[in-house]
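Both of the next two complexes hold subunit A, though its partner changes from subunit B to subunit C.
Entry: the complex of A and B
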């Protein structure tokens, strides 16, 4: 089986005045065509950096190595010019905050049409027609009138729909959604995810969804990949992550989801402590200081990503003796 | 039963769509001092350019029989010590002064915007180089530099405009650099990169339109500064040289008459002062109108 995107040994380090920060460490994964991969982790786990690295949108302080083959080309070795032809045409991206991701001085239609004009040889009128069509596709009602409105006349959910329209205007094969619903109201989150799903079905899109919200992922992802402190800690099909959890960090994340059946007054479960400094990571398991299953060995030995089942990888020294975590 | 309308689908569709420019224009029109100033400024500039034609005298027509006359119907502003009509000379002087100021603001804005945008967007050593150049220009005492350069290149109105531009672009550059640095970190710039836009397009389309407001305000201040500097230099004899009149050298030529005929000194001065005053009100109005957070209705 061939993959649409195949990342091998991705490392991202940032030069800072205090030294090198290892934001992403030896991350390898692949996404097959039409699939939805969710990348889950808390703030600073390296999930957004991974996405920005793939788009080559990190600034100069970032040192990237590894290999990312996408549709048969390596994203990391091509020239900036070639990369510009990939961005927005073959890979679309949506950002966390639709309030700031649209330029306030142009109409929404202008901004969607611009994406078309950058990559296609067509007239402004054709681009605008395409913009209206795209706005209809992402469920913006009355798109013929909306096309001439400014971002400030749109609500958050509508703006995120407009961002999706921009991202898919050139029918890319991969859509990277970086926390697409984090800045939105809970009621709107589901609508926006529904839009992504319907677009995915209608144009056969592959989606890489980056989020910290496991609840959001539950109904949406085919495969889930959990990151912690710049490392992949567990990856498997969605149901295996939820029902056959093998990594203590994933378990702790799942336990932190507020239960809708919870008894009022019971405390929310949290993961105590903080992620380690990525400037000088401790020698052993990076999650060990916060892990309820940690042993002396965990403090000294850095665990490797090991197969624990069908297409199921987990990074834990005790995965065989702990078994499925509940 | 009444139809239920999906509220979401109707939101924001009520009022007409107003672009930021239209909203700003609306705010500007309601800023009374700015509108009055704009009107008076236009009137003043029109007078500078066309009122001289109403008179029967040329600006350099000497008539020694009519020296140092007081204002009369024939010579509304009186005559100077060799009998030239001061009304025509003052209007023409205003015209040259305004021309110099306009040339300066045009050129200084062009240089300042381009260099400021480059420094702000590309940062790193490019920014360091341009910023240090700006600092260098700013720390050297302006009047001395101007005096030296004006001596060498001044004389003609265009020469003086070039010299002044070379000094005054720094302010625009600093403003543009700051605004560009602020906007290049905005997420919509990242979004533009993510759809494959090239740096030139990003600067021209996504960043510079956001700079226009601040630059417009800065231009009005620049116009005022340019006219004052031009007058100062011409007064000191370092600017535009006679027989071409400017408001500055008109004051200089009649400064001896401050006791006998104060009007002769005050009239050109009056034009300088009011020009700058109106320009500042105009800038004030623009600043309020172009501030997106302005609550003024």
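Entry: the complex of A and C
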């Protein structure tokens, strides 16, 4: 089986005045055509850095190595010029904060049309028509008029829709959505996810959805990949992650989802402690200081990512003796 | 928008009148135009009386400005005693001389400020950035007269043979050749450029740094735009917004005559005329130059506001 995106041994380190920050360590994963991969993990686990590394949008302080083959080409070895032909054309990306992601001094329509103009051989008028069409597709009402409005005339939800329109205007094969709903209020979150789902169906998009909200993922992802402290700790099909959890960190993450039923009196569980320093990661398992199942061995030995079932990988020394975690 | 402009212009009139009134009263209160005549009294009683009558010196200093206003409205700004010419002519002629120096100085420094701030911001903490930062602090710290004198001595006195530049303006504006003009205008323009570019590029760099790490610049890159398009289209337009105010202030100041630079290079502009007017004092000339400077300031503030609105769609006039 060939993958749309196949990442092998991705490492991202940042040069800082305190030393090297190991933001992403030996991350390997692949995404097949048409599927939705959710990347979850708490703040600072390296989700955004992974995505930005793939788009080669990190600043000069980032040292990237590894291999990322996308539609048969390696993203990390191509020239910047070739990469520009991929960004916005073959891979679209949307970001967390739609309030600041659009340029305040250009109209929304111009910003959408621009991505069409630079990647296609078409006239300004055709690009604008395409922008209007895209705005309609993502559910911006009255798009013929709103195409000439500026970002400040749009609400947060509408701006995120505009970002989606921009990201998919050239019918890319991959959409990377980095916490697309985190900055939005709950009702709008659902609408924006619905938009992503519907465009995914209509243009056959593969989606890499980054979020720390497992509740959001539950109804949306085909596969889930859990990250902790720059490492991949568990990956499997959605239902296996939810019902056959094998990694203690994933379990803790699932337990911290506020109950949908909201039974009065039940306390919200949190994960105690903090993630380790990425400057000088301690030996042993990185989650071990916060893990309820930790043993002496966990402090000394760094666990490998091991197969624990069909397409199911987990990074835990005690995978086999703990079994399914509930 | 037209109504906005009209309202803005009208709203400055009371301010203008108030300011002119205070300047008139202030100069009258601190000087005595009759001092020398009084020395020869009673021999020159006749002349003394005539001067008192013409300039209404028997009236209180608080009502004297009204006569000036009356004439000014009719376009008569009086006569400069010191330069022996009508104030209107002095303003026109000297104003043009000043503009000849101010316009290139402004354009060059604005362009340089943009280029330097983009360059420094994109190569933050590089050697060139440090060197540019060092020079701009030097430019900020050194007083204008010092910069002017160094240029004058270096290019005009020690090494004039290299470029033929002149340390002073000597010729006549009307009869001199273009080459002569260029030779004498280069050093003062350079002085003004150095002084203004230092402040403008500092400000521009800080601004640009903030913008190139902003979310919408990242979005522009994620669209696959080339780096030059990201910088010159998406970042620059935003970076210009705060710079416009600074430029308007700088340009207005340059056009009102740069007292120090023009004086050092003996450039016959408004700056030296203002010094002459104040030291005499030559009340009509002081008033003339002040009102010209005030009008320039008002016009440029208005232009800055309009540009602001044009660059930033979040600002609208109605």
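One rule holds for everything that comes next: the second predicted complex is superposed on the first by the 322 of 326 C-alpha atoms of A that agree within 3 Å, B and C clash if a C-alpha of one lies under 4 Å from a C-alpha of the other, contacts with A are read in each partner's own complex, and residues count from 1 in each chain.
Operating definition for what follows: a contact is a pair of C-beta atoms (placed from the backbone, for glycine too) under 8 Å apart; a residue touches a chain by one contact, two chains touch by 3 or more.
Worth saying up front: this structure is predicted, and the values here are computed from it rather than measured.
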item: Combined model on subunit A: subunit C and subunit B, fit or clash; value: clash
item: Partner chain in contact with A:154 - subunit B first, subunit C second, else both or neither; value: first
item: Partner contacting more residues of subunit A (subunit B vs subunit C); value: B
item: Touching partner for A:142 - first (subunit B), second (subunit C), both, neither; value: first
item: Subunit B versus subunit C as contact partner of A:86, first or second or both or neither; value: both
item: Partner chain in contact with A:119 - subunit B first, subunit C second, else both or neither; value: both
item: Touched partner set for A:46, first subunit B, second subunit C, both or neither; value: neither
item: First (subunit B), second (subunit C), both or neither touched by A:104; value: both
item: First (subunit B), second (subunit C), both or neither touched by A:66; value: neither
item: Subunit A residues contacted in one complex by subunit B, in the other by subunit C; value: 55, 57, 84-89, 92-93, 95, 97, 100-107, 114-115, 118-119, 150, 163, 166-167
item: Contacting residues of subunit A [partner subunit C, same complex]; value: 55, 57, 59, 80-81, 84-89, 92-93, 95, 97, 100-107, 114-115, 118-119, 150, 152, 163, 166-167
item: Residue numbers on subunit C that touch subunit A, as the complex places them; value: 213-216, 218-227, 229, 234, 237-238, 241, 311-314
item: Subunit A residues touching subunit B - in the complex, by the definition given at the top; value: 55, 57, 84-89, 92-93, 95-97, 100-107, 114-115, 118-119, 141-142, 145-146, 148-150, 153-155, 157-158, 163, 166-167
item: Subunit B residues touching subunit A - in the complex, by the definition given at the top; value: 6, 8-9, 11-13, 17, 19-20, 186-188, 190-198, 201, 205-206, 209-210, 292
